[in-house]
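Letters A, B, C, D, E and F name the chains as they come in the text, with residue numbers starting at 1 for each one.
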Amino acid sequence: MDLNSPKVSRIIDEWIEEDIGKGDLTSSAITKNKGKAHWIAKEEGIFCGVEIIKTIFKKIDEKIEYNFSINDGEKFLKNQKLLELYGPSKSLLASERLTLNICMHLSGISTYTKNIVNFLKGTNIQLADTRKTTPGLRIFEKYAFKCGGGVNHRMGLYDAAMIKENHIAWSDNLNNAVKKIRLNTPFTTHIIIEAEDIKQAKDAVLAGADSVLLDEFNPEFLKKGIKELRDLSSKRTKSTKNKLIIEVSGINPRDISKYLIDGVDLISTSSSITKSNWIDLSMRYIN
Amino acid sequence: MDLNSPKVSRIIDEWIEEDIGKGDLTSSAITKNKGKAHWIAKEEGIFCGVEIIKTIFKKIDEKIEYNFSINDGEKFLKNQKLLELYGPSKSLLASERLTLNICMHLSGISTYTKNIVNFLKGTNIQLADTRKTTPGLRIFEKYAFKCGGGVNHRMGLYDAAMIKENHIAWSDNLNNAVKKIRLNTPFTTHIIIEAEDIKQAKDAVLAGADSVLLDEFNPEFLKKGIKELRDLSSKRTKSTKNKLIIEVSGINPRDISKYLIDGVDLISTSSSITKSNWIDLSMRYIN
Amino acid sequence: MDLNSPKVSRIIDEWIEEDIGKGDLTSSAITKNKGKAHWIAKEEGIFCGVEIIKTIFKKIDEKIEYNFSINDGEKFLKNQKLLELYGPSKSLLASERLTLNICMHLSGISTYTKNIVNFLKGTNIQLADTRKTTPGLRIFEKYAFKCGGGVNHRMGLYDAAMIKENHIAWSDNLNNAVKKIRLNTPFTTHIIIEAEDIKQAKDAVLAGADSVLLDEFNPEFLKKGIKELRDLSSKRTKSTKNKLIIEVSGINPRDISKYLIDGVDLISTSSSITKSNWIDLSMRYIN
Amino acid sequence: MDLNSPKVSRIIDEWIEEDIGKGDLTSSAITKNKGKAHWIAKEEGIFCGVEIIKTIFKKIDEKIEYNFSINDGEKFLKNQKLLELYGPSKSLLASERLTLNICMHLSGISTYTKNIVNFLKGTNIQLADTRKTTPGLRIFEKYAFKCGGGVNHRMGLYDAAMIKENHIAWSDNLNNAVKKIRLNTPFTTHIIIEAEDIKQAKDAVLAGADSVLLDEFNPEFLKKGIKELRDLSSKRTKSTKNKLIIEVSGINPRDISKYLIDGVDLISTSSSITKSNWIDLSMRYIN
Amino acid sequence: MDLNSPKVSRIIDEWIEEDIGKGDLTSSAITKNKGKAHWIAKEEGIFCGVEIIKTIFKKIDEKIEYNFSINDGEKFLKNQKLLELYGPSKSLLASERLTLNICMHLSGISTYTKNIVNFLKGTNIQLADTRKTTPGLRIFEKYAFKCGGGVNHRMGLYDAAMIKENHIAWSDNLNNAVKKIRLNTPFTTHIIIEAEDIKQAKDAVLAGADSVLLDEFNPEFLKKGIKELRDLSSKRTKSTKNKLIIEVSGINPRDISKYLIDGVDLISTSSSITKSNWIDLSMRYIN
Amino acid sequence: MDLNSPKVSRIIDEWIEEDIGKGDLTSSAITKNKGKAHWIAKEEGIFCGVEIIKTIFKKIDEKIEYNFSINDGEKFLKNQKLLELYGPSKSLLASERLTLNICMHLSGISTYTKNIVNFLKGTNIQLADTRKTTPGLRIFEKYAFKCGGGVNHRMGLYDAAMIKENHIAWSDNLNNAVKKIRLNTPFTTHIIIEAEDIKQAKDAVLAGADSVLLDEFNPEFLKKGIKELRDLSSKRTKSTKNKLIIEVSGINPRDISKYLIDGVDLISTSSSITKSNWIDLSMRYIN
């Protein structure tokens, strides 16, 4: 992901305007020219935000100097020092809230993700995110998910096709739906078909899905179903089509250990976004 | 807050581009012209998002018709129907994720807030938010906080002054800091001074603060301190200055009942943003 | 006010496009590579615009070097040299009009303001501006007003509440209006109530206004009214509410000396914007 | 000028954000649903702003109904009713200041311009504006100048060439400067050459200027110079080049009657912008 | 592709500003209120632009009525009437050039594409476009390519990976390059590897490419190579990986008949963009 | 033309987003830190794009170093090296397509233009462009036209008036149309009148056109007509108006030698835009 693009630059401009707007009313109280500060973790977690924070500092005041002692995706402990700052006192104070807000939010996502990813160790299963992201922050939240050890699903409706239950209900039939998408989208388009039972999943394989998404299966059905799908898929692969990716969704993260089933490629979850809390970090000033 | 401003309109345009970008690759699968759907709550909560959702629907397709059976700030139960939709099938599918994402996020904030506000019933204490909000979403998240029964703190650095520990450390002294702010900001500016102990709080009152923010006091010290501050303030109020607003912060929401102390005006918390989860809602299609 | 924000940067981009657009048609006539120029005042006044002018020069050509011999808010005399310039000849010519336009306009406002502020010397009365500003230029014009010695009123409808005659007419009643605003706005909100006679002014005090704005009172009534308001307010201040700010408006600047009445905190005027002329400055080239 | 362009629409969005920003804090006081108002002139003048005001009303609230009893460029008297309004009370109050601000500013320009134009009646001389306009408002201020009976000079550096004293000083020589501009600009480019004495003016004619701008000539010299230029020009016109437009600038509007000299085509003035005051208009609410 | 997105709307705003800017200088000549016109083809071709043209008309003047007698992707003959228009005369004249410009350009691309696609009839080979598109117009030009019967390749660097010669040279090795991309991109990412000879192509298959792009092969080598790749791929498909897509590029469209080789899936070409001419259309006014 | 304006900067930002969007998926494959490349011409032509390419490189990565061995407007031969590059390998690969796309497109226009301009050598006739340009690229394409030796016609509807057949049909009459334009546009406005036969052309001269555009005349009629127009114009020039510019349009570039008629000032053509092909350039990496 390109966190240095002109678009990201404009998004960050909007964040600055949101907080500082027509100016920091308190800044006139400050007489000390330059100051020092550092960031301290108030709980442990996985860090996310180095490049974004640097961009915010540069935009608010090019004279702020920073020295990170951590990289994105790395673990930090409670009370660990993460960052040293030196620069114009007014600018340190003006940039404090925005830099912490984004970093605490993203590190919360990375940390939550890592906790789930740790359950997958020793398997071939990867953890994938979803399109359930906070509006306006998808590029950042997907980046944080990756910093936590996950892999990214499609970015939006525009870079992969996913045929869900209602797409099927509102199409002629599944085979035609797949044909139409192949015809009308870039030939590199990956087609995922969501299935709510094993019958639908098999239809998806026969219709030529690149991935099948098995939603809200219980572990028993899933185990049985995966086997049938792999058998069916291995026939398909010999003759006409590609190896099937099998994605599983609708799992409560607490139950994940029941789903570490052979043949599953991906478990996708929105919980890193919808259930994570911010990691508590603070800026301490050195006087 | 004005959720119909040109600025909000542009923010929502960005959200749509984020998800739909150069087009929905799956839409070519759909042959049914018009469809119906409704929104169902998968857990109980406080609703937030009516106007925002309407704007998204209008922008994606003016032909989507909607009928809300709930208003912002109202409670809904698990399995309650919240919204009926009728319109072009492709547009219903294209708008599903974005409308749910923002509504689930904001309703999560409203619900979390309401749960705390309920503890304040029967007191004169109000719950206030902070500047810890997700970058780019402050206007929406502050709106959700209000829908949950809270009151809004300042919107940003530009609409009230707050002198924190380090502002004081980097000023000549507190009295001068207050004087400079009075001189250099609109005369309507409200000045809040953060205090970490009762000595600082008294200095703040003497320096002419409009509000004093007592951060991370334990309930014992707080009770004692409030009394001293009210005494000091009542002297001030008689002679020269205004009635003091006393704000308390740094409280874990679980401990809030210990802080329902007479003389406290506001308890401020960022937990509605940093610790709330999304409320689970889903769009169901009627075929 | 933050004249270095991303927003101000974009506003100045628009100004440059307005004047230079697709390019300076005359620039191809220029063969001399580098040139010198300075700015001369053609009449005396108060200067305003240093940071803004620097930004324009940087945006048009980073190679323009400038050396200001005056700061914002300082007085200059007729024929005084204000600024020396050295840089690419084409760029000096292309930036001339825009830099002069904004500086002449703002210095006109600062100068006009200073002339009124001079009448207030020796009193405790301050001069405040209003929301009567040229659309698109409020942040700049309010800055110029401050450079002329004034204090800023609210920036817009969003950072203080002002209940005018018709707000009252279209409300249930004044007391309810105040209550609703307190309930629905950030708790830091300053509430001003406009009064057209002394009866209304007293109602405003009783309703809990932070400021009362006395509009178009003649000096006799004003003197009498102020006394009554201060009496009423001192009672209020003792028991429940804050010290009243008394603002006076609707005064022709020529009559200001009649209004220097004890107990007035602010005189607000739009005349610095609506009646000031540009101060005449010129750029002279040194060949 | 196209006051309905996408660009003007975006400029007006910025004006709305400037005043209303995150919302009108006072609006929650209003309980009456719909209201009426009209605009009254508090002094006489020339009106300017109908289309712009309509656009602002539409953007703030499509439900505001308006009925203008005056057109742009028409004269109004003191106490004349100019506009009737009916619509949501909150929206009438929110739109009041912005609509009045732009209309009072522009009508001030139209009125000032008309007063000068009246001196030119019975002559063939036209009044032209300049590039001395308030940054960001040129399209509006030039429109107001036209509503006052003036003609517009070039819009910016991009739609006509004007060779001033220092362009000449920094060129090889005047003849080459003209040649280079002809070569490097659209062939439709009009070239104006500024002259500070009659010698320079003649050189300009010989170099092929489309217009000559005579700056700060006294009436005696001007009368004599015009005759010489017309003689020279009539020779030129016969053989090679076009009829000369003679523009006169640097005149104090008070002295304009001395400059109504035969052979002058245009008198240009920035005074409509730099010396005009806003015309006083007010919105009155009908309860 | 979504030609009704907020982004496309803003792009079209820019086009209008580019041509009309501060206003159409000629429009003041027009006195007739309403007029009629139609579009006539001056040569035969494939039409492209209906939705885009409608959007432009709506933006310039909502009162323009249009009636298209052709759809995108349909063939038209010389002298065929394509569109009838009725509306404000000034607006018909103002919109003429922009609507024709985009339609002539895009129809040129559709027509050129169709001419190549016609050679592929009776084969299973599809024609694909490339990233060689005019900056700023990719979404439109790719749409026109599809209207001509082609299929779209990836939209940009962000929606599929393509490993070219130099990506390989600057990687550790091909196998690692593929692994890194799989690890660092959305799991739906399609990986294409470009090969300049048959050895490289086989390596690509073994490394797990989803597509192999054979660049500038002569027909003999290509025929032989395809067979070898299909053999290799059929082994791969049986055991581990997906069916290979074979894309051929670097073909002069004139030689295309030599490349209609069994086993080729796609021929990609930039010539529709780089070598097509605009189709000549004209707007005729009916007086 | 000003290729360094804030507007051009924003256009180039859009181009970068169009190609790179949320990030280059292939870049993770690259392990080599820095790389070298150069640009080679695959066919001869006239170069156009130096400043634009520099801006793109700077925006994508400030660490890219470039060394051009050619300037805009200069001829290059097949196989000539045009540019050397050194910088971060990932950034060289990410910037390749966009820089080549714009340069190949513009150089195609410059080259095509130069080929026509070569026919005009030894005459006084200049080649002018038209408003038939690719939407969004006019400033760049007009710049390329000039690099090919042409002169620019008006930039858009806003910087010169052109009265075409239908403007006349929808006006009162030609004389009134001209009068209205003179009255309603900046006095520097150049008025062109299009004529379809010699009668119309004479009317245009008599109405006071600055230019007459003779559209689709055959050479015989043109020769005869030019003489009559020059006679008529020389009378006009003596008494009241300016020397006529005679522009000829509607010529197939292949027939241009038949139109090199004495008295023609300009031949205008859209063929440089509508019929030119991109010039083939390639970036070669040095490993």
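We take it that a residue touches a chain if its C-beta (ideal position, glycine included) is under 8 Å from a C-beta of that chain, and two chains touch if they have at least 3 such contacts.
As the structure is a prediction and not an experimental result, all values here were calculated from the model.
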For chain A and chain B, chains touching each: C, E
Chain F reached from chain C - shortest hop count over touching chains: 1
Listed chain pair C-D, B-C or C-F that repeats interface A-B [over half of contact pairs the same by residue number]: C-D
Pair of chains joined by more contacts [C-beta pairs], B-D or A-E: A-E
Whole-Å separation of chain centres (CA-atom averages), chain C against chain E: 54
Rounded Å distance between chain E and chain F, as computed from the means of their C-alpha atoms: 24
Whole-Å separation of chain centres (CA-atom averages), chain A against chain F: 46
Cα-centroid distance, chain D relative to chain F, in whole angstrom: 32
Residue list for chain B, restricted to those that touch at least two other chains: 20-24, 139, 155, 158-160, 183-185, 189
All touching chain pairs, where touch follows the definition stated at the start: A-B, A-C, A-E, A-F, B-C, B-D, B-E, C-D, C-F, D-E, D-F, E-F
Residues on chain C engaged by chain F in the complex (per definition of touch): 13, 16-17, 20-24, 59
Chain F to chain C touching residues, read off their complex: 1-2, 5-7, 139, 155
Chain B-facing residues of chain A, complex: 11, 14-15, 18-32, 35, 37, 89, 93-94, 97-98, 100-102, 104-105, 108, 131-139, 155-167, 169-172, 176-178, 180-181, 183-185, 189, 273-275, 277-278, 280, 285, 287
Residue ranges of chain B touching chain C (in the complex, touch as defined): 126, 128, 146, 151-155, 158-160, 183-190, 192, 210-211, 237-238, 240-243, 245, 265-266
